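Some structures to go through are shown next.
Both complexes shown next keep chain A, but they swap its partner, so chain B is in the first and chain C is in the second.
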Partner chain A sequence: MTDEDISEKEKDTQAYAALGIGLICIVVGLPLWWKATEVYRVQLPYSDINGLSEIPLTYTAEVQVVCFDDVWTKRILEISQLLQDNLSKTTGTEIKANYRLSVRERTTEELDIFKQKGSVPDLPFVDDELSKSKLVSGDRNKYYIFLVPKLFKLDYAYIGKHHNILIRPLNDVTELVKDISGIVKSYVIHEDSVEKSILNAKGARSLKPDKESMRSVRYNPGYDITFTLTVPQPDILDVRWQIEEAVTAYIESMTNKLTEYTSFEIKSQLQYFTTFQSKPKYDESLKEYYYQEQNLPQLINPIESTLGTSSSNNPELNFIVYIPTRDKSPLYIRDKNGNKVKSNAFLSPRWGGVMIYNVPEFNSSAALPYLVQVDMRQVMEVFVSQIRLLLNVNSAAQLGSKNVVFEPVGVAGINDIEIDVWLRNRCAENLATSINTLQSLAQLLGQISNIVIKDDIGSEVETAVESIKNSQKLLQAGNLVGAFQASKLAIIASEKAFFDPSLLELLYFPEDQKFAIYIPLFLPISIPVIGSIYKAIKHLRGSNKAKKD
Partner chain B sequence: MSAPMIYQKITKMIVILLIFLCAPWLVLSNTSEEEIGEFFKSGHTNNWAVLVDTSRFWFNYRHVANVLSIYRSVKRLGIPDSHIILMVADDMACNPRNPRPATVFNNANQHINVYGDDVEVDYRGYEVTVENFIRVLTGRLPPSTPRSKHLLSDERSNILVYMTGHGGDGFLKFQDAEEVSNVELADAFEQMWQKRRYHELFFMVDTCQAQSMFQRFYSPNILAVASSHVGEDSLSHHVDPALGVYVIDRYTFYALEFLEKAKPGSKKTMGQFLKVCPKYQCISTVAVRTDLFQRDPNQVLLTDFFGSVRNVEILLNTLALPNITLTSDTCSKSSCGNEEVSSRSLKYADQFPMPV
Partner chain C sequence: MAATMKRILSVLFIYTSTTLNLNIYAEVVDDFKEELFIKPLPSGHVYFHFQFTTTWEADFENPKSFEHYRLFPKSLGHVLTTYKVQELHLSQTQGLWRHDKWGYPVSSAPPGAELWVWFQPSIKSLDDTWSELVNAVSGHFCTSLNFLDSKSTAAPRWSFRPHGVASDGYSSFSKFVRYGALPREIVCTENLTPWKKLLPCNTKVGFGTLFKAIKLYDANYHSLGLDVRPVCRDSDCKRTSIELSQSLSVVFDPSVKNNEHQDWSLKKILGDVLSSRCPLASSSKIFVDTTSNIPKSIFTLSPDPDSVETITRGGEKRQYAVYDVGLQTAGGRVLNLGAKYDNPVQHNDIIPPPIYAQRYITGYGLEQGGVTCLIYNNLDTNLTVIYMETLPWFTRFYFKSLTIVNQNKQIHPYKVHYIPGKDRSRSYHLELVFRLRANSVTKISYKFERAFLKWTEYPPDANHGFYINSAVISTVLPTASNYTSTPQSSSSIETSFQDKSENFFLRIHTETLLVSLPTPDFSMPYNVICLACTVVAIAFGSIHNLTTRRFVKLDPSKKRGLLAKIKAMFIKQKNTKSDETSEKETDKEDEKEKDE
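Entry: the complex of A and B
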């Protein structure tokens, strides 16, 4: 063996070694680097998420018609058929209403309730008694329609506090059916408002403002309500209010009914030496001060800064009672036409309400500070109405007409039909919102490659998808409360997934900066490796040729 | 002169007098009608502002003055502190080199102390980072974050984003260590749009090559203005010899001049605002981007972004509630609790151990 052979062999070994290292770099190094720098992403159910919006939404409500007169009891079948036809004519495009209808004869018990108070039925009494009787259960989403017997004089439809609707006696069957379906659709179920809440949740950013969606707060698992009494001159007026007792008396009945669905944190505070900054105008003839409608927006800001902030992140609703200063009272709000506003109050959308409370005039020689007790009924009348508007409880007073009469809500604050409507609307809104949130999240993940998705976000997304499907099913089956609770879970999970802080962990790490990090790291290693591979390949090719020769 | 002539003259004078007397009334009634119409023209119910100064150190005094001046203006025009996120990377008022401690001036005449009496800085010093800024915009803050540090805007919010600092082509430097790139910013705005966190957004940036910051935006309803084109520097306005540093940047100076003239109910439009600081004043060229914005800036009120004109609704109908006599218990929930607390013996906390 010559020296040449040995050196040739050595060169071969070198070449194989270089190729081996190169191979390790490519086979082991590259995948390892790829794996190690990969953005961690849990597999999300993308197709499920995209499919969610394709499932047609339907809700079911149960309607039971109770006939009293023989004229109708003979025609039960006809009525039920006509009514079913009429009710199934829905106009909604986003969500469809479905009615489970039954028509039956009255029981003697029910007739007795009607007859108890003579020929003019005492409607609230009948309403209460009917709900107490066993035949009418107090379930949600079940409505009882009583065709009032002819011997009673009633020339309008009456919608009670509970789920009972009394329909005036009519002679014609088509007229009767039209009456029933009209009332059910627009006064009991509020088909339009369900449709509207979905549209608002979906496309609220269309530039067309819609008063109701602008005014009311979106659904949240909790709200903070703060009542503030603002006294600019505590040295002159010693104003007292029984807010704790008033809240118990007037507000709690409402919040207790909703507490299953959303929580309320109610607080109150007293604020001294805070005044409206803009000056009111003076009416010489009436000797009173007033603000015009266009002055009102500027009143809130200076007061708001002193209200303090709450520690929770729930939406805040502020309600302010403002006592005018002595030199500017009495102080009134006037509308566009210059008329005094009876309530002397206004609201700001999604924020709360302000009420100007004029204290009675007192003798200038009275000892100061003059003690004033705020009439809490007057204050609560305003604030309960405003809370209802801000929470988007469809106000009966707004929608009533001369043919349809609502039992006034009174101290209950919210009645059963309104709770149903509220639940149905919020459920639809939550579904639309959480579907939207999930779809935006999915879309963003496609657009922005740096977002990390951890396991817990994956499971939140799965919970949300599951809950949405569940809610859709329950809504269709007519289980309103179950559907609502599922939609609540869905919105909480989807919001949590979208707003999780870990989504941002890698976001501020642009692609071009990665080069700046890798080049000084990889260049010193890769140049000798690539160089020696090139050399080795060249050498092996050369020696092959030499052997052939 | 005959009697009929005198009579005619008198009637003429009366007519002229009447016209003079009525003229102000006519004008007044016209404007009030316009105002009412405008309340529901724009689709927003609330305003938010995110004001960011990204640079620290004494020689960057002017950036802090910039941001505090804008803060002062939007607050004066009506955005409450709770709706302003103010990020200031350095505390100029308490800088040991500040010859007038606890003040920040934006003018050599030292007319206005922009630090003022009530400045609520939400993110200060080293809290001003790219991460925190993006987190504020996208809402992805840790659950322990207090309410005042959140941008709690919704699909009916108009947001003003103002940024100032040192920038280059495609980035804006934060502190001294990191930068936000225009791609990240565009992505952040897209995430806001997807989650319906704004209705309309006005982006205003005063930095070198500022135009590059909004070039990558792709989300709708954004109106953007920058103090300079790509390749241009933004310049400072004037130096205060007493402080020894430049006190304000040119673009912000002229923008403020415009804003100072506006009052809360002002009828000035965004179109007018976008024309602020022509080249002979700014030296750099102000860049504007309107293609993403769906309304005509000339029809948009300045106060849609720089102020807070709320929509209000007069309450016409109230519920009738029965009169309930409110009986106050001798021991209500809160007062009872207090008594229990006071019965416990109280003691002072241990003093912090001090080195002798």
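Entry: the complex of A and C
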């Protein structure tokens, strides 16, 4: 072996060694570095999340038609056929309504109820009695339509407190079916409002702003309701209110019905020496002060700062009774046309309501402070309706129609059909919101690779996805309460995942700082390695050529 | 808005006529008192103590009674019920109360913020609730109380017993109490504003109108207090009420601006006069301590007081001038209460109070340190005290080094309660019960070791140092000399005039301490990264060279490459310019080798 051969062999060894080291650096070093600097990210069900919005939403409601007259009982099949056709014509694009229809003959018990009060039935009585009868169950999402016998003189449709609807007797089948489906769709189920709730939750901007959704608070598992009596001059007026009794009498009857779905914490307080900052206008002729409708928003801020903070995370609804100061009373609210607002109250969207309560005139020589009792009925009437608006209880009565008459809600505060509509709308809204939240979370996590995803976020997301699917299934099956509860779980879990503080931890660790840290290590190592690999390859190529030669 | 309201109203509401019986009353029963206690101090300072006491006939055990509020603030009530609080004591203080010169304050508070809470026995997870509570309270009062985590919280066994009504079985366990203090906390207007908001009359009328932040924070000492506790509803004490006591203490030094005269007035000191009383208060009074006018009058008050009360408390005779704000401000008059002194302040020796303390850091260097506390007992009798220390985990306390010395004699404490700290999770907590001899000075001293912190654990401005909480000394005095606190039964100042008891519970806080810990240069981590990487790179480079190359001697006669030729030319040029050195020779050789 010559010297040249030896050096040639040596050069080969060198080249292989250089390649070997380079290989180790790439095969072991790089993955090790990659693994060591990786942020912890739980695998999320991304495809499931994206698929959620693809699933078409449907809800099912049960409708039972009860025929009284022989004319109809003979044509049960025909009615059922026609009505099914009519009801299945839905206009919704986001969500589809599905009706489980049955038509049956009346029972004698039901007929007796009608007959009890003669030919002009006492409708509330009939409504109450019917819901007690055997074949009528009090289940949610199940509606009974009674085709009232002809001998009763009812020339409008009547929607009761419970799930019963009385339809006036008609002669023509098509007209009757049209009447029924119209009432079911727009006064019982509120197909439009379900559609609207979804669109609002999705944040469709093309839609013109919808008053109801802008006014009402979003669904939350709990709300804090605070009643505040504002007394600017306790030295002149000793104002008392029987808030405890009033809450029991007027508010709790309503909140107790909803307590299964959302909790309410009701508190009250008195605030002294707090006044509206802006000055009211004075009407010389009537000797009264007034605020115009457009000035009302300015009144709230100075009062709000004194209301005190709440230590819960629930949205707070504030209701304020304001007693005007002596020198500025009586004080009224006037609308755009200059007419006094009858309730003397106004509502602030998503915040609460304010009512101006004028105390009666009293003799100026009376001993001070003058004792005043607030008429709680007057106050609570206003506040109950405001609470309904803020919670977005869709009242069918708002739509108004000559041919449909509603039983007034009265002390109950909310009736069964309204609760159903509320549940359906909130369920649809919750589903749309939580799907939206999950999708934006998934998008965010996909975009920013720095974010750490902890196990609990992963499990929250999974719970949310499961609950959404479950809720969709139950909604389709017609189990309204179950679907609502599942959607509640979904919204809680998805919000919790989205607002988890751990997502923000590493968010602000910029890329350039990483470079600054790695360069002192990578640069001096990679230059000799790359250089020698380059050389080795060059050498090996050269030696191959030489061999060929 | 209003228009829609009207329409809906008319449609919806047809109420059954009378659901409410207007004759049944379920009134909220509560009471509010505002008081101002003024005490001219012998050092030339003047002590103002505002006391607002709200009592409410509500029951802690019945959360239903916490739904409808009148004088009691709703936001605070919500905190109490949500976190099942039995007693809550919060103080926020700027400055140090000088016991040796000023006597005792109405309520003692350490510099910074201090919070101690007794929870209800029905509570489930106390530590979680405490961490939620401190967050809620810190949000309410704009203090950094949310930093009171397990590292700075203690459960004192003897020093902080329930202040209000409590059963023996409950109060004898320290299970339900949590104590935390933030000595570094700075108290300012943002703490005063939420505190003022809790007053029923706010700052619109009454004493609240005197709270001008610019004057209040220009004082030698300033302390905001808030105490909630259950008290007896009547003398039988079968039922309890809730008492909320809000206090604001300020010490001013008027002699600085007044040509050495201690003259003071509301207008001069607080920037305003009183023009009204809070109409919601059942009593609105000012008390001026005029005891120093006996036997020889040294100052005159204007206007004249409505009455002068002479009382004896704990064997000490005192005189108070009483002003009823309602009477003084009737008919649109204003009250500018003030005092005029005949002579300038005499800076004589001041007779110190029966017991006071002094505490300081000892030792030098950044490794070891020590704390010494001197407790002075000026009484003619022995006195048993409870001494409490809470030390942060990074000052590692040596229990063995603890010594209590009195008149060169070692004292053995009757009882010791010691919970050692744990790094990064628990603070050191020490409580000692021992006796102070009559007319003596007792010295407590111990040593600690300073720990190294991780670089992320240092606060901003780490070189400022780290604070150690005040030590707390609790005792029961046999005399009321210098004592101004209110009796156990009520927080109202006026009730202290009828106090006939012979024992007076006293709690004093010592100075907070500032220690410096070894503090690194904070650019260090990056330097370390750079240095370590460079070392790795050098090592790697040479090892890489050794493993992939072989060094052989070059035969100079061999043909050279183009690059080597150019290099050789340069070297030749250099060689001609200067003498050849051995160094350059080696350089050349290196280069030759590299060419291989």
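Quick note on the criterion: the second predicted complex is superposed on the first by the 483 of 549 C-alpha atoms of A that agree within 3 Å, B and C clash if a C-alpha of one lies under 4 Å from a C-alpha of the other, contacts with A are read in each partner's own complex, and residues count from 1 in each chain.
Going forward, contacts are C-beta pairs under 8 Å (C-beta built on N, C-alpha and C of every residue); 3 or more make two chains touch, one makes a residue touch a chain.
Model, not experiment: these values are computed from the prediction.
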| item | value |
| --- | --- |
| Chain B versus chain C as contact partner of A:Ala345, first or second or both or neither | both |
| Which superposed partner A:Asp500 touches (first chain B, second chain C, both, neither) | first |
| First, second, both or neither for A:Gln386, with chain B first and chain C second | both |
| Contacts of A:Pro408 with chain B and chain C, given as first, second, both or neither | both |
| First (chain B), second (chain C), both or neither touched by A:Ala17 | second |
| First, second, both or neither for A:Glu109, with chain B first and chain C second | neither |
| Touched partner set for A:Ala246, first chain B, second chain C, both or neither | both |
| Which superposed partner A:Asn313 touches (first chain B, second chain C, both, neither) | first |
| A:Asp335 touches, of chain B and chain C: first, second, both or neither? | both |
| Common ground on chain A, meaning residues reached by chain C in one complex and by chain B in the other | 211, 242, 244-246, 249-250, 293, 296, 309-312, 333, 335-336, 341-343, 345-349, 376-377, 381-382, 384-386, 388-389, 395, 397-398, 408-411 |
| Chain C-touching residues of chain A, taken from the complex the two chains share | 7, 10, 14, 17-18, 21, 211, 226, 234-235, 240, 242-247, 249-250, 266-270, 272-274, 293, 296, 306, 308-312, 333, 335-336, 341-343, 345-349, 369, 373, 376-377, 381-382, 384-386, 388-389, 395, 397-398, 400, 408-411, 516-517, 520-521, 523-525, 528-529, 532, 536 |
| Residue ranges of chain A touching chain B (in the complex, touch as defined) | 204-205, 207-209, 211, 214-215, 218, 242, 244-246, 249-250, 292-294, 296-298, 300-301, 304-305, 309-313, 333, 335-336, 341-343, 345-351, 353, 376-377, 380-382, 384-386, 388-389, 395, 397-398, 408-411, 436-437, 440-441, 443-444, 447-448, 498-501, 503-504, 507-508, 510 |
| Residues of chain C touching chain A in the complex | 1-6, 8-16, 19-22, 24-27, 67-71, 73-75, 78-79, 82, 136, 139-140, 197, 200-202, 204-205, 279-280, 526, 529-530, 533-534, 536-538, 540-541, 544-545, 547-550, 552 |
| Complex contact set, residues of chain B against chain A | 32, 35-36, 39-40, 42-43, 45-46, 78-82, 130-131, 134-135, 138-142, 146-148, 150, 152, 154-156, 178, 180-181, 183-184, 187-188, 190-191, 194-196, 199, 221, 264-265, 294-295, 308-324, 326-328, 332-334 |
